[in-house]
Structures are given as C-alpha cells and as structure tokens.
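Both of the next two complexes hold chain A, though its partner changes from chain B to chain C.
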Partner chain A sequence: MADMSWHSDSGGGDDSAVLDMDQIEPGQISRDYDRDHQDDFGSTYASEKRGNSGTQGSKSFAEDMRQRVGENVTQMMWQAGAQSAKRAWNVYGNIDLLRPYFDVEPKEVQSRLLYSLIPLRPTDTRQEVPKELYGPSMVVLTLIALLLYQMKTADHRVEEGTLIGSAFAVCFMYWLGSSGLVWFVAYVCEVRIAILQILSMMGYALFGHCIVLFMGTVFHTGHDHMFFYLLWAIIGGLSTLKMAGIIMSRTRGPKQRLFVTGTIAVLHMFFLLYLHFAYNTFVQEISDALHDNLVPAPVSVNLNIEVPSNDVQAAT
Partner chain B sequence: MVIIVVLVVVLVVVATAAAGGGEGVAAVTVLAVTMAVLNPLKSADHTIMQDTDLAGPLVFCMAFGGSLLLSGKLHFGYIYGIGLVGCLAMYCLLNLMSLSGVSAGIIVSVLGYCLLPMVFLSFSAVLLSLKGIVGIVLVVVTVLWCSVSASKLFVSALAMDSQQLLVAYPCTLVYGVFALLTVF
Partner chain C sequence: MADVEFHDEIVDVPLEGDIDVPGAAKSDDELSTLDEPVKETILRDVKAVGNKFAHVLIPKQSRLLLKEWDLWGPLVLCTFLAIMLQGSTDDLNVMGENDGGPQFAEVFVIYWLGASVVTLNIKLLGGNISFFQSVCVLGYCVCPLGLALIVCRVLLAVSSDSLGLFIARFISVIAGFAWSTFASTAFLADSQPSGRKVLAMYPLLLFYFVISWLIISHTHS
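And then the complex of A and B:
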C-alpha cells in the first residue's frame, strides 16, 4: 500500500508544499504570503489595508500583483525599445556605409575637378558619373570658406547666429536640397541616374562657383559687375553644360530632357547670382565712395546777386 | 623674432609641466610632437602619436586666444567652436578614409599641436597688419605650415602615405578659418 503519511500532515507546515484545504483557515494564505513577501520598509502593503475580512486581503494581493506585473512589463518594453533603437542605429547611423564613397586617390579628384568644367557632347552612350563624396564634400567646404572670406571682407553682419553658421547652412542646404529636387525631377522624367551620382555631379559643379567667387573677391572692379557677369556666363555656363550633357545622355524624350536640364540650369546659375549679390555689398559701397571722390556731386549756386542801390553810392 | 622664440620655449615648458613634468614619458612626448610640428619637412615617427595628450593642445589654444586678446579680439568662444567643428569633421573624414579607424583623442591632439604656427601668426598680428601683401604671404605660409604638419602626423599615425594630399586639404580649410579669425 502506498505511503499516505504525507496526507495526514496538517496544512501549514513551513517546508511542505502540500496544503490541506480542510485545515486552512480563511485568510491564512494571504497572511503567509505577506509574511514571506514583506516590502523593504518591513511592513506589508496588504496588512495595512486589510482588516479581518479575507475579501479585502485578496483585493490587496491583486493590486500588488498588478503593480508588479506593470513594472515587469514596463521594464520589458524599455529593453525591447532600447534594443530596437540600437539595431536601427547600427543599420542607418553607421558611417561605415559611406566608406566606399571616400575611397579615392588624389589624381582622381584632380581630374574630376578639371573635367567638371569640360562639357562633353551628349550621345547615346551614358556619360560616366562617379559615386564619390570626398571631392564634392571638399568643394562645398571650400565654398563655405570662400563665402566666409567674402563676408568678412564685406563686413557682412548676421543678426542671429554666426557668419560661419550662415555659410554652412547656405552651402549644405543648396547642395543637399538641390540634389534632392533634381533627383525627384529625374525620377519623374525617368532619368537613369542614382541619388549618389546626382550628389557627386552637383557637388563637383560647385567648383565653378568657387572659382568665380574667388576671382570676384580678389579682383573686384568697383561698381561695374561686367567682370562677374562674364565669369558667371563662361564658368557657370561650362559647368551647367557639363551637367546637361550627363543628364541628356541618360534620358529619353526631348521634353523630359528639357525639363530636367532646365531645372538644373536655373538652380545652378541663380545660386551663383545669389552668392555674389547677397554677400558682396562691399563692392557696391566702395564703388559709390570712389565715385563720389572722383566726381563730386554738383552744388547748387544762387546767382541772384543784389546790386547796391544809388543812395548808398551817393553817400559814399 | 627673439621674443617669439622665447615665448615658444615658455609655452613648451608650460605644456610639459601641465602634462606632468615629473613623468619623463609625457615630457618627451610633448617635446617630440612640438619639434615635429616646428619642422614639417622632416618625416615623423609613426609611434609619435601613440601617447596622445591634451595638455599641449590646450596650452596652445589658450596661447592663441591670449595672443588674439593682445590685438583686442576676445575670440575664445570662436576658437572653441571652430576647433570643435573642425575636430568633428576630421574625425568623421579620417574614420571614413582610413582602414584602421582613428580615435578622437588623436584628432584633437594633432590639430591642437599643429595650431602652434597660428600662435606665431597671431603674435605677429600685434606688430604688423595682416591685410597687406606681407600679411597675405605670412598667412598663406602659416596655413600651409599647419596643414603640412598635421597631415604628416596623421598619415604617419594611420599609414595613409598615398593620401597625404587628401588629408592635408581639409586641414588647410580648418586652419584657414583660424587664419580668418586672426586677420579680421
């Protein structure tokens, strides 16, 4: 016969896991639970709330359980969120993704800078556009430095912010913003070009802007802007034609070609005009000052001379 | 010229003391890097930047700000801001270009040490105007001196000998902005 001695034990033995419900008093389970699970302050939450009623004891037990479950769920959600954020950062914030686009030799950068001003006749063969970001980044940073020099020379003042902050914002917003706009237009017109190629193409095209700004600042010609307009047309035009040739070799349809190249031309040429006239006021002011010194302004002279009367002449 | 040499010696001594002059290794490091910066045409040892310290760069930055103060320009905030942005840009660029990666300490240390010629330029700005032909020549020479020194230290530490020109150009831009701070 099986040993039933365990059955005869009264419920409530400290080490026994078997409970005889006939022996258990009402509320004893909750009391035992609270005794075993006191909080850090040495008092039980449930015991403070509970009176002699067993129903109130079970309610406190339920609230306690709810609180603990809530804490555990909050902790689990926090850990899951942190892990997701870390995973997303490793995927999208990892700058190693850009590493292949900075693998370039000095001679390659030099040739690409030079060829950005040499347009090629568009043919059915696609013109090559490198997927590179070192050269365009350096060109944009050079443009920022030249703009800063121009602003310092022109004593340009910024009300809120700094000159270098303004230069950074203008140049990077143009490069990224115009590349995004051209990419959208290219997508609509079915141009076979990638966003990185557009960034590279627009970035290298700013080399012409750097040349024009540098020469315009060093050789400012007073009130006459003809020298700047000449550089704007020649150098700005060459870099625009280069980009137009690239786009036309990758687009089918005359209307699509016209639309995309027109967009690029407007953005490129007007940005150079903006850079010159917005931050080059020194040229205008010094020319006005020089003009006044060389050709003084005419002064009005009153020619109504009063002739002394005869009485005065008689007296003398 | 004698005054400038004396000032350089004082700066190096202060930097050495700040680095813990009692420790021979730190003093040797500061002196070695400073001499490497002062002689840009001499090749640098690739182990020279293994022990990076920020005491020397800090002293040179304070000296730069102090020399600008002599010209009536209070630009400590600009030095800090431009230095921070420049270090961040160089950190991103060199991590993208080098195979082994580079720590921020090396970037700050190299760019800070190579600011020494700019300190000379700002002291000379107290004595003469930098907006004339002589000033332009001095500025160009100083910027090239700083960038060649910095690129030499970077390529020796990161084994990027074939790309020294690519490393030197962004350094030129950073020190060019510091030069604008000195001139205007």
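And then the complex of A and C:
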C-alpha cells in the first residue's frame, strides 16, 4: 500500500525532481520497488507519510502491516508445502536406488522361499544370504492379506483406523523393527552380515508364518490349539533353525552366537504366537463357551449363533 | 521494375512444412472447450470414462487406458464398492458394538493402497510405466469385480441363504476375479520386463484376490 501512495504523491507533488516519473510507467516502478526494496525502506517511508498526513497515514500503516503479515504467512505456508512436496518427490525419485534389490528371477524367488524352511548345518564357510527385497516384501504383503482374513473371521475390531491399516502396520513394523534390532545386536556381537541381508533373511523367514497362519485359519479345529502349536513348533522352528545356521556360520564366539540366535528365535517365534492369539480371542472365547456349556453341536457350528453363546458365558 | 520481379519470384515459391511444437496436443479439439456449454464438456468426460470401462470389459490390446489416464473411473468404482460393501445397520442392534464404519474406509484403503503397492512393485521391477497410468489401469480393471458384486447383491436379495446361492455367488466372483486379472495383464503386459511377468503378477493377483474375498465374504442382503 505504501508504494501506491508514494506514486500518487510523487506524480502530483512539487518535489518531483527526486524522481522523474514521466519516463517510467507507474506499474513498472511498483514492480521494481517490490523486487528491490523488501527491507524496511517501505516502513520508514510509511512512517514519514504518517507524519505528514495524520490519521490516513496510520490507517495505511495498519493495512501495510496486515498485508505484510499476510504475505509472510502465505510465503511460510508455501515454503512448508513446497518442502513436503519436495520430500515426497525425493522418496519417489529414490526408487532407482532400491531397484537393484528387486533384480531377481522368478525361479530364484521360488528356491529361496523353499530354502527358507530348510536349515543348513553351520560350517566354517559362510552361508550365503541374498541382498534381495522382492521376496521378503511379497511375503510380508501375503502375510498382511492372511492377517486381514484372520481378523475378519475372528471378528476383530479396531477402535480407530481400519483392519487393513493395523495389519499393514503390524507386519511392516515387525519386519523393519525386528530387522533393525537384530542388526544392532549383530553389530554389537560382530556378526558379518549387512542390514539388507538381515532384512532379506527375516523377510523370507516370514514365509513360515504365512503357512502356519493359513493352515491355522483355514483348518482351525476349534476347541484346542494343538494343531497350531504343532505347526508353530515345526514350521516356525525350521525357519528359526535356518536363520540360526546363517548367523552361526558368520559369527566367531560361542556367546555371541547364542545371543544373536536367541534374539532372533525369541522375536520370530513370539511374533507367530502373537499373530495367532492377538486376533483370535473372539473365536477362542466362543469355543471355550461352547465347550463349557455343552451347547448342542448343530447350533454351535453356525456362526450367527456365536454371539448369544458368548452372552451365555458372560451370564454364567 | 526490379522490385516487381523480385516480388513475383517470392510468391512463386509455395509455403510448405508443418508448424508444430513437439509434445503439444495434435488435435484442435481442446482449443474449443472455452466456448462450449458445460454440459458438453461433462458429457465428453463421462463418455471418455465410459469408453474406458468398455475397454476393460472387452479387453483388447489397446493403449487408450495408458495414454489418456484419469482417476475418475477408479474413484467412482471405489466409492461404489465401498458403499455396496458397507455393513448393514441391522448388525448394530444384534451386535450392540458394530459401528459399521470401518468397512467404507477399509475398502477405500485397500483399493488405493493396493493399487499403489502393485504399481510400486512394477516400477521397482523395472517396468516403464508412470505411476498414475498404472493406478488408472488397476483401478479400471476392478470393474468386472464390481459387476460380480452387483450379481451377488441381487442373488442375496432374491433368495435366502443356501448352498446353491453360495455356489452361484462363488462362481460370479471367481469369474470377476479372472476377468479383472486378465484385463489388467492385457493392458500392463507391454510395460513389464519380459521374463519377470510372474513377479509383477503376484501382487496384482493378491490385490484382486483380497477384493474378491471381501465381496464373497459380504453376506448382508
């Protein structure tokens, strides 16, 4: 606002010797002024004007301030928006960095999935671990789908958010979080293994979880969890042994071996237990209720009757 | 007069060549959108979206979906699926705790997250396709599954729960699943590196499988 009044003043006033305005268009000088004098020149000029023209000047000062604040806020918002857009773009642009880890043939993925359940005896030669992320990420996605199925059949509910969101968070956080933890422990215990190899190893090991979850959900026998425990011990154990073999072939001291292997085994086996029991409570309660109250079999099979039977349990 | 002769010489040479900017739109259609009525503009867009749906339903090797991608069709489909799969309000009385809310958000999240993950996977495997092109194709190719959902809803509304009904619904959903997968692979076949089609196909199958499963597990009439 200040520069607008400045133009009208210098155009009509007597002291036009300071600036010869005849040669220059008002719009142009306004642009130049805006570009060059972003400092406090404008405000000093505004204060001079205020001295000259009293109340009108103070009004223009207030407007000037308002405009400046508005401009600043707009600029800040714009910068913040641009920064976040830039960050998102950078993440998307960095996809090329990940591409080498997805360079894999279908047959390789097949054999790696199979060998994730076949432990090898640890020897002096290091067992090879691929630096590959395609297989693990697909395994995690499959696990998410299975978990979603399990949540649905168990009638699991989340207060805020969606089932798919929580399944996604649980699986990816376990994969990345446990790999991070194992990497830290491996670093402390001087295991010769890279973070990408750990990610790949932990990811492929989740294939066992997929099988157990699938069998446990589809062929769930109901009243006891013997079938699940059996699968948990066999398939979970096999993938744990596979990882233990890899770690042992890459570590020197026995204590270090025990520590790293123990960490991996605990993480791996307990995650499977968590996946099975955390989202299975409803079914378990129902089966318990049915078992205790000896509800006739034809009624108990139907899913629609399950909730009243749960109420029966609550009443007793 | 030397000037006149010179002028004649110039006129004799015919004007030749194209004035075109590389990358600019070739057709003149888009220049006239300012003058035309709004109705025409909307109708044209609706027609374009409908055309793409037709392409999905009758899959053929065409680059229309890739070349002129839009997200209107996927948005409409996604909203349709989410509304149709919304849990019935009767549940609220029986269960006492079912808010029926997450279903809409869930379908929405599965739809867009799934499409993004599949796209990201294609990009990571070295496919040459832009992000939104792929999301567009994947979104449009859910159309057969949407039809399967309509069939399921009609079947559920017509008759009561029985084994025959379940088999009919199962067949319709499986058909929709196969159709969706076939259509999307037909469109995306060129953009994937040869020899790795299986790798790119797997998450795609998983994506459509989860949606099919959502449809078949929805038993409210």
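As a convention for this text, the second predicted complex is superposed on the first by the 192 of 316 C-alpha atoms of A that agree within 3 Å, B and C clash if a C-alpha of one lies under 4 Å from a C-alpha of the other, contacts with A are read in each partner's own complex, and residues count from 1 in each chain.
Everything that follows uses one rule, which is that contacts are C-beta pairs under 8 Å (C-beta built on N, C-alpha and C of every residue); 3 or more make two chains touch, one makes a residue touch a chain.
Being a predicted model, the structure only gives us computed values, none of them experimental.
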Combined model on chain A where chain B meets chain C, clash or fit: clash
Which superposed partner A:P106 touches (first chain B, second chain C, both, neither): both
Touching partner for A:T142 - first (chain B), second (chain C), both, neither: both
Touched partner set for A:L181, first chain B, second chain C, both or neither: neither
Touched partner set for A:I95, first chain B, second chain C, both or neither: both
Partner chain in contact with A:A265 - chain B first, chain C second, else both or neither: neither
Contacts of A:I195 with chain B and chain C, given as first, second, both or neither: neither
In the superposition, chain B vs chain C on chain A residues touched: C
Partner chain(s) touched by A:R157 [first = chain B, second = chain C, both, neither]: second
First, second, both or neither for A:A278, with chain B first and chain C second: neither
Residues on chain A lying within both footprints (that of chain B and that of chain C): 95, 98-99, 102-106, 109, 134, 137-138, 141-142, 145, 148-149, 152, 162, 164
Chain C contact footprint on chain A (complex, rising order): 92, 95, 98-99, 102-106, 109, 134, 137-138, 141-142, 145, 148-149, 152, 157-158, 161-165, 168, 307
Chain A residues touching chain B - in the complex, by the definition given at the top: 95-96, 98-99, 102-106, 109, 134, 137-138, 141-142, 145, 148-149, 152-153, 162, 164
Residue ranges of chain C touching chain A (in the complex, touch as defined): 94-95, 97-98, 102, 105-106, 109-110, 113, 117, 120-121, 123-126, 131, 195-196, 198-199, 202-203, 206, 209-210, 213, 217
Parts of chain B lying in touch with chain A, wherever the complex brings them together: 78, 81-82, 89, 92-93, 95-97, 162-163, 165-166, 169-170, 173, 176-177, 180, 183-184
